[in-house]
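Listed after this line are the structures, all set down as structure tokens.
Look for subunit A in each of the two complexes below; its partner is subunit B in the first and subunit C in the second.
After this line comes the complex of A and B, so read on.
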């Protein structure tokens, strides 16, 4: 019920600009953003502080626990080396003339990074030979005075100052372990093993990248949760503000939620009471007027007009307006979607390695095809189920499809964790893909349903942002967990996360929301045929869109983990390399999109991006190992970042006639569907070529082909270039 | 749930996530460091035994008739009280010498033999629940792989230390969480109070006529203040219009219109809901 004929109030209070009411919405949004930023900074500070404190405490615990083990290690080595020297002395060689001691000691020391140096001293403390870096602190023979004193003490049969249990001595700079070299019943010399005091610190430093990764993921996670939280915390203020605006415009049929705690709740009840009383007063006055048999018609008419104007006519008998339904927003679906995609992305850094672990040759299938199949089958299932999932969303509602999608997804995760063969894994990954398609389509449908048309692009942009953020987090954490726990437990962890996402979706998504429809165009086979008959569309598809997907799934998802494993990189390192792709896409992609819109140079960017992604694949050919892959992934990400958005921006230009006929969204969805051919073919193609030519030559060859494919795009550029300012919709 | 509690919960979740993962990383690092240190220490012992045995083999002694072997094994075992046993076995896996006399003549575990076959540069290790076996293939200058050496080390003590570290790390993480949760209360309460002050400001603007003039006592921004005022204006105007109809009704002969009532939105209506004047009329 609205007061259609309501007149705005006579005007704002004196001296206040008329658009201040509009500003109030911005004001609440600013408050929300400010609150979120403040909380994010505070949370980040607390997380960094907590991680630092725990690391410091752990450092001390490590020192306490590892120091005795290092001492035992040093004592064992000192004992054996002393025996070796004793053997030489037994042959009558004087201790100062035994040759090759330093080399022998170095050979013994090198496998033990915690041994800083090993030295042979004469009984008087003189240093004879040493391996490693002994401290030079001005003592005799370049040794510290503490060491010399300890050696002399041991030779004289008395424990040195600071000696613990005879052999271990704390000198000023570090700990040393001593063992006497005996000959003819006397101490002829002493073997000294210096323990590296920084060993524990080095162990902790090796964790630094992992801890930083955890912090990065935690910040993204906290951002997602805080986005939801601040929205909910500020929602009473937003509701009150909305009500005040509507009442101010003469719509008195308003009511605020009753069950709100705290100061807000008290105020809500007061406001509701005021409006209820007004409605009640009107109702009774109108009833009293109507009760008068000979009541004046003009007054009755005037009263009815007041009721219509202020929306008072339809109040309940007690004067209460209907309680509002809880407002739905994009924030409802963000966290469940984030957690689910996070769960799915956990496998990315190690899936090819897991596939290889399960690999068993099958006579009629090439091993390369077999190794590439799980990723291809996943992509194929995703492509096939996506349109069907859209129809289900329309029919059963977004929450229903989201939660139903969890069944195949969780089944797929659990199955993947217990898969006994590659073929079982294929089936479970396909099951996961079905769940993924259902859940992401349901989430898009929810966003489309709860956003106004003008806010839909922003909503979809939030959707893409959640996917990218979850991809960064999942890939990074998945690598760390796989490195420590193994591959199978990570899938179980993914299943648990997906279940949590389902619980949140059940609690947070409205059961009444059906798909917004606008994001799900109905493409028919005739539309596909019409587009495939468009030469320029075909060029864009075959030379840019499909190669981009081949490089993404074939190189990044399939080849990078396997290639890095060849160089001994851990899963955590692989995960860190792979997230570089998403981070660069997030950072550079929007800029490229804006540039393409502004300059109309979309063909230039598509050409440059395709060329760059081809060059990226060839990088391992001349720069091997981790650094080569890092550079390749960086170039690939830059290539895709500059070319993906312009690909979409080109569609209105390339397919003008088709868009006039079937609409831009349908054309975009057909492009997205057809480019998945590249996603499916990528792993198989790359696996096949690598199996035949090896990593370096294989990747170089595919890269060169992709780069060569970009050249015909130049002709398109020459024939079509002119600055345009296309308005694009967010693709699915 | 109050806003401050909600914010606290989120910060706590973030802290739990970070601390549990950092603790997990630290735990696995400790486990791998301790394991590596132990294995390298034991490998020093096996390397020494291997060198002694291979020196004899290179002189032409047969492994089976190597009389010093038991003494070499016993000496090595004495170096570490944690070592359970050392074995020297022939190429077919039959135990020839051992610190565990009862095992002589028996076959070593089949898994040891396959580990030795796949060994890189002769060095191998095999882990099973509760046992770590470090081994080395034995070569002579006349033949490679004449037998093998195995050192068996129960990992109970290692596991105990790992478990101890797990407990310590969990306690440290819990204490850190406790400490930082307390710190997290401050921003949560501040944020919550900020919101409450805004609501209090709106309440005063809507309800208290003394504050509506300048709004100076409230933290309301001009747009919110204006929205509050418009709310009051509209409520007051509606009351006024109803009043006007009632007065017109009262002015009629025989009319039963109620008496005047004050109308100034919520400002004049502190004990809302307001009672229409005619309700009090006889």
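After this line comes the complex of A and C, so read on.
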């Protein structure tokens, strides 16, 4: 879904004269698109099919094994508990006066989530004591008449449904397992274990969600790999096609790159050889003509004219125009970047919970704030290292920085997995942030270097697309892994993935590529001062950009995992809720960007989005539990999707004078640097407020503040005019 | 020490013979150890536990059983006898017998007390308090032993698991250091657990001795202020257990005891105790370390059991309508179940 946006319009057909040639150009585009979608559909069909079959088989196995196993366990527990009651009766304690039955039964029940209740009934069916939520006998329209009947039947020696005590009995409300309590040769009571009939269904549902998530991730991953592979085929084809078009137009001074591996290289060399031979023959003919001093002048002129027209001039083979280099493309960096970001995002659904596990109280800080520290420290390290990483990229080249960035990143992952205290974790997360900054900046630099100026926006949107796709995959898979393996192994897994990303980067990135200063033009403090003196820029920064980051890191990254854990959501569930954000940004974001460009209503969108993100945080105040969080994350994602690219689009309008002086890229980088204040402050701020007011009130208050702060943005609408330049870079 | 010199070859034979001749008792291989047991009132549970343990380990022993029948004057003669028989180990039962045979650590008289023969004591309530040893980690003497008392905090937790109580009543006599020290420890523990201790001294009679006749009156007086009476370490209350516990039960207040006698032989509801049988086994394990393992007694720390037994007197539970919680019954030794009075607990 990300590459599709970047690729199709990249063709060389623009501005090509000649109808038939244009047709040929579209044919190649169509062909490559067809090839990719064909492969994608085939892969997709295979994967979905395999997953469906696997799920079906697992489902059947699960059902066949799980239900009887549950019954068996319930029967064992019922038997042991009945023996306990029998012993008490043996001591001469009347069955109605046995003390601590509920507590004792609860101890047996609590490790078994599928057991809804365990109850002790008298032989006449009346309920004596119960652990869990036993339905009250006789209450609610004979809800438990089935249980009473079964108990009486067992007491009277008539086993229910022809079973001996211990087998499963289906009553109208529950599946129950019974065991008699015998005393003095008679049945004095019955232990009843009530099994939650929906337990298996819920378990299956969980499993299905996990399978779906894995499938989604597999599809995205397959897409990335397919994009890479098809690019390996398509981009030489496209280069060849472009050359043919130009040759067809009579530009014979063309060459394809020689040093390309594989079939493409062979093909390229053949074509080059043919063209070289042509140029050589022309050169020989022209030389022969020139040597014939008394030859006909018109013929010589004619010959020179042909040479000029077809680019066969004296320069000969050496003068051939440099062909675009198909060996280097955005695709080289996509997969390594994807894998690395994937690795980093694995922790997102559970990091605050992991921190809580390592928690040690520090006197002067509230525990909630302490839990927010690792996210803030991470963001801070990221903010501080990013400009430095940009400078390194300029000096040492993108590949070097990308691979060097893996050292702190992998060190940080391994350290995080073995961290013994909160402060160790802080350090290791900061280390990871350094790696993350180096790698993403290097990747950005690579993309900037290999894309032509006009293709850069597309390249950057591909970059953001990879980040988002990797975020979806990482967060979702991380949640599932944490759910099954625990937190620490996930970081080790991340380290392994990062190492793989490094290996791919080493193999695939071209060592020659240097960013050429395209990424990070240095912003001086005077530039900061000038921008901060711009009231409209300041408004945009303080009321929209920074609040957006506060909400993102404080609410989504910090509060959501902790709040969801409060009511027992698993890490996998948390991961699923969190990826909703990225998915919506991917789905809605580009549309909002285009709308802002077309309509010029950027301020409207920024205002609406900021307001919406504030409202989103207040949702858990009205709608409790998982659904509230789901709705909140949805609204937040929509708010950010409609407001973030318009924020960037507004920059040329708001900072016209500054852009004229220092350039748009510098202004944008300053905006990004400053909005990171919000990223750093977000977790601490939200944590501090939550510590005082609790989750619901705290989030409502922050949300209300963000929403209220968005109102002054309305005043900016008056002075709105259409932005002149379309946006050239996407936010990260 | 002929037996010592015989030890090594015995071990060798013990190891080799089974290899050479297949399964054959190692007991047959060695001359039995000679152990003198100095008992206060016959071979009861601790004594049996001791002997059963060594038997189970296939350690051959010849016992010299000496029951002094609560007569301290018989002890000096036994010291001489132990020397004469060149026994490998002397085991003493109870505070008086132990002190009589071994002496206070700071007043040892080699003529009156055993010094050259390794010794183990058991069923001594407070070996530190009576001066038998200066430290529980290392006795500094040619002896070691086992503890029988259960620490107060463990006691209180056991009581709470039977029934949550807030106010603990204690009646104590001031002429026994044990009783006073035990009360102090209880107060400290109660403080930590948020419990209240209501303590009352037993008045003295004209001879300056605590007056047993006052017990029913004191108990009746205190009954309204307390949720439970606790009998810690006190020989006086142990002797007058019936008067004390019956008065409490009559007032509907349960009694918990730190020893098994008030529960098993009187009307205390419950007690968390070291079963004497188990203490005997623990002592025997130390004997094994000395005899077979060759360890020096002063290197063996004086320890309590790590697992205690909760005894519940069901007869009293019925009277008070105060039944042990179902979960507790799995671990409790329930005695005096109607129809089977004085049911003995399961014994190996």
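Please note the rule applied: the second predicted complex is superposed on the first by the 451 of 732 C-alpha atoms of A that agree within 3 Å, B and C clash if a C-alpha of one lies under 4 Å from a C-alpha of the other, contacts with A are read in each partner's own complex, and residues count from 1 in each chain.
Quick note on the criterion: contacts are C-beta pairs under 8 Å (C-beta built on N, C-alpha and C of every residue); 3 or more make two chains touch, one makes a residue touch a chain.
Bear in mind that the values here come from a model prediction, so they are computed numbers and not experimental data.
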item	value
Subunit B versus subunit C as contact partner of A:35, first or second or both or neither	first
Partner chain in contact with A:107 - subunit B first, subunit C second, else both or neither	second
Which partner reaches more residues of subunit A (counting touched residues only), subunit B or subunit C	B
First, second, both or neither for A:289, with subunit B first and subunit C second	first
Touching partner for A:708 - first (subunit B), second (subunit C), both, neither	neither
Subunit B versus subunit C as contact partner of A:657, first or second or both or neither	neither
Which superposed partner A:234 touches (first subunit B, second subunit C, both, neither)	first
Partner chain(s) touched by A:85 [first = subunit B, second = subunit C, both, neither]	second
First, second, both or neither for A:99, with subunit B first and subunit C second	second
Which of subunit B and subunit C A:496 touches, first, second, both or neither	neither
Overlap of subunit C and subunit B interfaces on subunit A (superposed complexes)	none
List of subunit A residues in touch with subunit B within their complex	9-10, 12-13, 16, 20-21, 23-24, 26-28, 31, 35, 38-39, 42-43, 46-47, 49-51, 53-55, 57-58, 61-62, 65-66, 69-70, 72-73, 76-77, 79-80, 108, 111-112, 114, 203-204, 206-207, 210-211, 214-215, 217-218, 221-222, 225-226, 229, 232-234, 236-237, 240-241, 243-245, 247-250, 252, 261-264, 266-267, 270-271, 273-278, 280-282, 284-285, 288-289, 292, 295-296, 299, 302-303, 306, 310, 312, 319, 477, 480, 484
Touch list for subunit A against partner subunit C, complex	84-85, 87-88, 90-93, 97-101, 103-104, 107
Subunit B residues touching subunit A - in the complex, by the definition given at the top	1-3, 6-7, 10-11, 13-15, 17-19, 21-26, 28-30, 33-34, 37-38, 40-41, 43-45, 48, 79-80, 161, 164-165, 168-169, 172-173, 176-177, 179-180, 183-184, 187, 191-192, 194-196, 198-200, 202-203, 206-207, 221-224, 226-231, 233-235, 237-239, 241-242, 245-246, 248-249, 252, 256, 265-266, 269, 272-274, 276, 278-279
Subunit A-facing residues of subunit C, complex	314, 317-318, 321, 323-330, 334, 337-339
